[in-house]
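In this document, chain identifiers A, B, C, D, E and F correspond to the written order of the chains, with residue numbering beginning at 1 in each.
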Amino acid sequence: MLHLVNKSPFESMSFEDCLKYAAKGSSILLYEDGIYGAMPGSAIADRMASVTSDYKVYVLKEDMMLRGVDKIMDGITEVDYAGFVGLVEENKTASW
Amino acid sequence: MAKLMVVFRTAPYGGIYSFEGLENVLIMGAYDQDVSVLFIDDGVLAIKKGMDNSSTGIKDFSPTFRALEAYDIEKIYIDRASMEVRGVSLEDLVIEPEVIEADAVEKMMEEQKNFFIF
Amino acid sequence: MEGPYQHEASDSAYQFTKAAIAKGHEILRVFFYQDGVLNSNKLMDPQADDRHIRKQWSALAIENNIDFIVCVAAAKRRGINDTVIAEGFKIGGLGMLTELAIEADRLVTFRA
Amino acid sequence: MLHLVNKSPFESMSFEDCLKYAAKGSSILLYEDGIYGAMPGSAIADRMASVTSDYKVYVLKEDMMLRGVDKIMDGITEVDYAGFVGLVEENKTASW
Amino acid sequence: MAKLMVVFRTAPYGGIYSFEGLENVLIMGAYDQDVSVLFIDDGVLAIKKGMDNSSTGIKDFSPTFRALEAYDIEKIYIDRASMEVRGVSLEDLVIEPEVIEADAVEKMMEEQKNFFIF
Amino acid sequence: MEGPYQHEASDSAYQFTKAAIAKGHEILRVFFYQDGVLNSNKLMDPQADDRHIRKQWSALAIENNIDFIVCVAAAKRRGINDTVIAEGFKIGGLGMLTELAIEADRLVTFRA
C-alpha cells in the first residue's frame, strides 16, 4: 500500500492517523505541506526517525523545491512526479 | 492611522492563506496604516529561503516578502517556539523579523484596531 | 473564507450575520474573499431539499441594505465576474477589506 | 480576547495552537467541528478540564445540535448565535 | 462484481466529505457492486444519533445512513480505538457497524479493487 | 478534491496526470467532484503572472484525448453548468466515478 500524506505534521493529525492503520513495511509519500515532516532538526525528527525504520518513507521533490526545503532526514527517499507515478504503479493508494 | 496586523499561521502553497495574507499586508501599506506582521506556527515556513517554483509554476511570493521594507512595513515579528519546533532559524528566512515569545502574541493582538489571521 | 457547501464557513458566517442584525447591530460590510467569493454565484443550484446558500445571502443583503463586497482578484481567479454575480453582491477591491478593518469596531473572520 | 476554534481537536492542532497564545482568563468559543472538544468522556477530556480552569470556554449550541452532541463537560458554557454575537460585542476576535 | 470500499474519516458538516462519501456509497450500491463501508478517526462522528438541523438548515444525512441496509449495504465496520478516543459507543450511533481493530484496516483496503477515503 | 488556487490539490492532480501520461500510462478518466468541479470554469481569469489552472487542464484533455468528467450534483451546487464549462470538460453523474473504481487498475485521489 502507498499512503499519501499532504498535510503539515505540525498542524494536522493526518500523518499520525495514517500510521495507526498503515502496515509495517508499506510506503508513505509526503507531498504538498506533508513534506515538512521530512525536515531534519524539527521537534518531530525523532518520531520520523523511528517511522523510517518501520516504513519506506518518500518525499516529493517538486513540493520541497517550491517550499525551499533542501535538506531531508536520513532514511527518507526523494522522488519526483515520475517517481510518484512509479509508486502508484506498484501500490494501491490511500489518500489521508 | 489605525493599528492593523496580519498574522501568518499556515504553511505556504498547500493553501492560499499565506498568499492572501501577503496581499492584505501590501494593501494596508498602500492605505498608509500602522501595519504589523507576525509569523507563528506553520506561518514561519512562509518566509523560508530558497523557494523555487520552476517545476510547478505555482506563484512564488518570496520576492514580495523581501520587498516589505520597501513598502515601509517594518514591524515584523516571529514566534521563537514556532521556529524551534520546525528546526528553522533566522538565517533560513528571506527577511529578519524580530523574535518574540508566545505570551506576547495576545497582547499584540489586543493593541490593534483590527487584525487578521491567515 | 472557504467555499459554500464544501465547508461550513459560509453557513456560519450567514447565521452570525443574521444574529447580529437581529440584535440591532449595524453591519458595515460583509467581505467575501478566497473561496468565499463563490457564495455570490447566481448559477448556484443545489438539490431541492438542501438550503440555497446564495439565495439566503441575497435576501439578507437586500432586506437589510448591507454592503456585500466580493474581492475582485479572488473572484477572477475563480471564474466569478459580472456575468454570474447575483443580486445583492458587488465586486470590489481588497482595499475595501482594509477600510473595514480601519472603521469597524469588530471584525470576525470565518475560515476553514 | 475571544478565540474562535472551528476544527476537531482530534484532527487539527488549532485548539492547542490557540492555547499557546491565548492569555489566561480570555474566552474560547468552540464552533463547527470544534464543538467535539466539549464532549465528556473523550481522550482529551482531562486536558479540556484543565483548560476550563484557566479560560472561559463556550460551545455553540446550533453546531452541537447539528452534530447530535447533547452532553458537554462541566465548566463549559453553551451559547447560541445570539450569545456568539454577545461575545463578539465584548471582545476582539481571533479566528484560528 | 468489484469489491469497493468507502472510508469515512472526517467529522460531518464542517466539511462536505462525509456527505459526498455517503453519496458514493449509494451509487456503488445502485451499480450492484460488493460494497464495504468503514468508519475511522473523526468519521465515527458522522453516524452519531440525535442530529438536528432545525436551527441551521444544513442537510442532515442521518436518515440516509439509517437506510443503508435497505440498499443491501451490509458490510459496515468501525474502528474500536477511534470510538474510544472520542468517548463514543455503539449505542450512540444510528447504525450498528461491526467493530474492528486498527490493524485490520490496511488489509481491508488491500482486498478492494479500489477504495475511497472521505 | 478541493478548489483550484485555494488548495494545492488541483495543481498536484495536474502534475501527476501529466507525469503518468509521460510515462505512457492510459488515463481512463479524470473525475472532478466536490470543489474540484471549479477547475472547469471557463470564466477563470487569474493574474497574468500566475499559472492558469483551467487552461492547463483543457490543453491536457484535448492533446491526449482524455475523458474529463465534472460531477453534475457537485457542479450544480457550486454554480457550474453548461454555460460556463470549458472545452475538454464534460458533465457527468457520480456513477462515472463508480465505473472508474470498477475498471481502473489504479485510482488516486487528490484531497485537501
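By definition in this document, a residue touches a chain if its C-beta (ideal position, glycine included) is under 8 Å from a C-beta of that chain, and two chains touch if they have at least 3 such contacts.
Remember, predicted model here, so these are calculated numbers, not experimental data.
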{"item": "Those chains which touch subunit E and also touch subunit C", "value": "D, F"}
{"item": "Shortest contact path, subunit A to subunit E, counted in steps", "value": "1"}
{"item": "Centroid-based (C-alpha) most distant chain relative to subunit F", "value": "D"}
{"item": "Shared interface numbering between subunit D and subunit A [over half = same, under half = different]", "value": "same"}
{"item": "Selected pair, greater C-beta contact count between D-E and B-C", "value": "D-E"}
{"item": "Most distant chain from subunit C by Cα centroid", "value": "A"}
{"item": "Where subunit B and subunit E are represented by their mean Cα positions, the distance between them in whole Å", "value": "40"}
{"item": "Rounded Å distance, subunit A centre to subunit C centre (Cα mean)", "value": "37"}
{"item": "Cα-centroid distance, subunit B relative to subunit D, in whole angstrom", "value": "27"}
{"item": "Where subunit A and subunit F are represented by their mean Cα positions, the distance between them in whole Å", "value": "25"}
{"item": "Subunit E: positions in contact with at least two other chains", "value": "13-16, 41, 56, 58, 114-115, 117"}
{"item": "Interface hub residues of subunit D, defined as touching at least two other chains", "value": "6, 10-11, 13, 17, 32-33, 62-63, 80, 92, 95"}
{"item": "Multi-partner residues of subunit C (each touching 2 or more other chains)", "value": "5-6, 8, 15, 34, 47, 50, 73, 107, 109, 111-112"}
{"item": "Chains grouped in pairs wherever the two touch, ordered by label", "value": "A-B, A-D, A-E, A-F, B-C, B-D, B-F, C-D, C-E, C-F, D-E, E-F"}
{"item": "Residue ranges of subunit D in contact with subunit C within the complex", "value": "4, 6, 31-33, 62-63, 80-82, 84-86, 88-89, 92-93, 95"}
{"item": "Partner subunit B, residues of subunit A touching it in the complex", "value": "6-8, 10-11, 32-33, 36, 39-43, 45, 61-63, 65-70, 80"}
{"item": "Complex contact set, residues of subunit F against subunit A", "value": "8-9, 12, 15-16, 18-20, 22-23, 25, 106-112"}
{"item": "Parts of subunit E lying in touch with subunit C, wherever the complex brings them together", "value": "13-16, 56-59"}
{"item": "Partner subunit F, residues of subunit E touching it in the complex", "value": "2, 4, 16-17, 20, 23-24, 27-28, 30-31, 33, 113-117"}
